[in-house]
Amino acid sequence: MTRIGREELAQRIASDIPEGAYVNLGIGAPTLVANYLPSDLEVILHTENGLLGMGSAPAPGLIDPDLINAGKQPVTALAGAAYFHHADSFGMMRGGHLDICVLGAFQVSATGDLANWSTGAPGAIPAVGGAMDLAIGAKAVYVMTDLLTKAGESKLVAECTYPLTGVGCVSRVYTDHAVFDVTGGGFQVRELFGGTTVDELEQLTGLSLQLRIES
Amino acid sequence: MTRIGREELAQRIASDIPEGAYVNLGIGAPTLVANYLPSDLEVILHTENGLLGMGSAPAPGLIDPDLINAGKQPVTALAGAAYFHHADSFGMMRGGHLDICVLGAFQVSATGDLANWSTGAPGAIPAVGGAMDLAIGAKAVYVMTDLLTKAGESKLVAECTYPLTGVGCVSRVYTDHAVFDVTGGGFQVRELFGGTTVDELEQLTGLSLQLRIES
Amino acid sequence: MIDKTVPGTADAVAGVADGSTVMIGGFGRAGQPVELIDALIEQGAGDLTIVSNNAGNGDTGLAALLAKGRVRRMVCSFPRQHDSWVFDGLYRAGEIELEIVPQGNLAERIRAAGAGIGAFFSPTGVGTELAEGKEERTIDGRRYVLEYPIKADVALISAYRGDRWGNLIYRETARNFGPIMAAAATTTVAQVDEVVALGALDPEAVVTPGVFVNRVVAVAPRGWVQDGIFVGGVDIEGRPLEVLS
Amino acid sequence: MIDKTVPGTADAVAGVADGSTVMIGGFGRAGQPVELIDALIEQGAGDLTIVSNNAGNGDTGLAALLAKGRVRRMVCSFPRQHDSWVFDGLYRAGEIELEIVPQGNLAERIRAAGAGIGAFFSPTGVGTELAEGKEERTIDGRRYVLEYPIKADVALISAYRGDRWGNLIYRETARNFGPIMAAAATTTVAQVDEVVALGALDPEAVVTPGVFVNRVVAVAPRGWVQDGIFVGGVDIEGRPLEVLS
């Protein structure tokens, strides 16, 4: 079956972000989405370490160590940016003022639970950062992930077995095989990539899936 | 018996405020205290409508309607001032960052309860403003008041009969007859004005009073 | 292109529904969005709940809205002022409901709404009649009462300068409730003296980031400021005296 | 005359007692008060509880303090980074305690301490193992957990400019935890690039009013800024590359 690559998936997500949206892109793969936002549209990026109106990475030699994103990578600030402290920044998120947050995942459950901060492996050093705040804060939480783990297990599950990041918080999952909406009745297939079929997805995930009917 | 006037009392209170103190002066008589702070000492005045480093009233013709105090009178801002919004301003107070607050009172009880916002008179329009926040916020709450009401009743009481502003919050009461500390064991006379005696004060207040012994 | 500016105050207040909860910024006259209130009177919405620190001064602004009978309920800390005769009359006639909230609890409850806090324990008001019926708890030996967020459908605020993304800066103590109300309402409308180009506001000094603002409208500049400099020339009610320049 | 400035970093951290809770500002390296931490190492206080978003980078700053064995307990949101080998080693050896707090709850709990809030209901972490054992409540149909303030004996923060009253401004995302930690500690110490004259900081743009600050010390200016202007010239760890001017 045909899958799409990570860059293509980032592009696919970017195309769903409307002009004027306030968006937080999580650490890791979700940051790639920024590269595909059309330059003629204004989308305002939030980074939880205190900046609204984040721009792209600086040119080499123009790195400002005071100006970083949540992944601690150097960034720039656009005209129209604003800085604020951590309580204000997380209040902005927790208060539901951001439109979209894009996050990675270990698992997403059929009821929209998210697990993305800990594998629960014994001996691992726990570290949650802003993951739990991001998970419950935005109006829409999109997950960007491969459908399967490297071991071939489905990341879409009936119930998460990894430690939870948030309960019932995910609204949509973008994977390399298909896009899924989380509905009251479980996962609904919104879009299939390449030749993937719903039957194949059901086989891969072990879940009963519905195809979204355009109304 | 000798009493001191309101201006003299303001001066007396001012002399107890050390350099470097952060002070909020309540609406009404307490604002007079500002006039007696020595100009060669720096005391930083807070007004709860969003300014630290408040200065004196402006000259006529230099009134700026954007720059007012909690009593909605025009003021000025000193070099070193800072503006902030209402949540930050009351957080500053509630968080115990101000050293002294000077307030008026209808009644103060022997356990430091304060009543200064409502006489409880039927038909009166209630209005509390920042009184309850001021009462519980500062490290030390000083009350500035006449000892007696116009009708000759003591404002120092065993228990307040007027609606409370705050419980156990007053640390000292400056009156036209004497200065009282609120201690675990009731009012202690800290200082007597003119020829006033503790016996006279006991008669006027109907309370059993102790004279503070300098240690 | 994001452009939150609207041409006039009528556009700015369009769509306010009867029965709405409307926050109105300002402390006394400082920071009161008078032009937006005038437009709201013109727009006609009624049966309103108004959240504002005071209950109007003189016969203009919030007082004028009250005088028109558009307000069912006031939530404020200090309605009774020397010039609050409009509110006083309505209250005594039993024509308006009143919820009194200590000023710091009012501010913190508004802030909580904007910051997604479900409720908080405040030491303010403990043991007073304004805390009657509220849940009380002793934490680390201190008494607190549980206070809930105050949200609004609409916030009308006054700022000094804004840009097309809705970023705002304020002026002196006219800042007061604007920044917290902006974050607590579904739709936030800001009147500003001047709309400036994107990037003209120092990002270190922006007080209200545009994410909290839906509409920005420029109104007549305040008479006591020219090009950002205080020039004096008014009395406390904003009436012209003389211009120093 | 109020003068909160002190001559050197040793004076700035004088008196920190063994067993203290010390907040340390910064998010990764941005805003980390490295010179104050170096002075604290020199000062010698041990058995510390450190509240900071991360648990040190490389071998300098907070990592150096950890390496000296001065820290009994870390309260942070994200200890595990690519360059947090010092903390990682201590943790695996069982030589340090760790309390993990979601970043927004960490920030809000610190803010609550400074603002006199007894506790608050947060939606963050509900239903996760980090909320186990915490009081939960449903308010208006949403689940929340009760979170308590985090106070400190000392806060060490890094700002950009300060004055003798302790007013502070920050720079870009190096602001992060500084303003809220300043308000949450009994003694707050700020290192700044430059102490400026009283009145030189715009009162509209002061982020931390001096009331929250006890000591201010000027340290070597950051290499990437000259006279307030970004001049580039360093890599992400602050090492010189080239100066554009």
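Here the chain labels run A, B, C and D in written order, and each chain numbers its own residues starting at 1.
In this text, contacts are C-beta pairs under 8 Å (C-beta built on N, C-alpha and C of every residue); 3 or more make two chains touch, one makes a residue touch a chain.
As the structure is a computational prediction, the values presented were derived from the model and not from experiment.
Visitor: Please identify each chain that touches chain A as well as chain D.
Guide: C
Visitor: How short can a path of touching chains from chain A to chain B be, counted in steps?
Guide: Step count on the best path from chain A to chain B: 2.
Visitor: Hey, how far is the Cα centre of chain B from the one of chain C, in Å?
Guide: Comparing mean C-alpha positions, chain C is 28 Å from chain B.
Visitor: For chain C versus chain D, what separation do you get between their C-alpha means, in angstrom?
Guide: 33
Visitor: Measuring from the mean C-alpha position of chain B to the mean C-alpha position of chain D, what distance in angstrom results?
Guide: 36
Visitor: Pull out every residue in chain A that's touching 2 or more other chains.
Guide: In chain A, 77, 83-84, 87, 90-91, 93-94, 137 touch at least two other chains.
Visitor: Which residues of chain D are in contact with two or more other chains?
Guide: Where chain D meets two or more other chains at a single residue, that happens at 108, 111, 115-117, 122-123, 170-172, 204, 207.
Visitor: Between the chains shown, work out who touches whom and classify the graph as line, ring, star, complete or other.
Guide: The chain contacts form none of line, ring, star or complete graph.
Visitor: Which of the chains are touching one another, listed as pairs?
Guide: Going through each pair of chains, those in contact are A-C, A-D, B-C, B-D, C-D.
Visitor: Show which residues of chain A lie in contact with chain C when the two form their complex.
Guide: 19-20, 22, 42, 44, 46, 52-53, 77, 79-84, 87, 90-98, 137
Visitor: Spell out the residues on chain C that touch chain D in their complex, using ranges where they run on.
Guide: Chain C reaches chain D through residues 108, 112, 115-123, 137, 139-140, 142, 144, 148, 169-172, 202, 204-205, 207.
Visitor: Could you list, by residue number, the parts of chain C that touch chain A in their complex?
Guide: Residue positions touching the partner: 1-2, 111, 113-117, 163-165, 167, 183, 198-199, 203-204, 206, 209-212.
Visitor: Along chain B, where are the residues that touch chain C in the complex?
Guide: Against chain C, chain B makes touches at 47-51, 60-69, 72-74, 77, 83-87, 89-91, 93-94, 113, 123, 125-133, 136-137, 163-167.
Visitor: Write out the stretch or stretches of chain C touching chain B in their complex.
Guide: 27-31, 53, 77-81, 87-88, 91-92, 98, 100-108, 110-111, 122-130, 143, 170-180, 207, 222, 224, 230, 232-238, 241-242, 244
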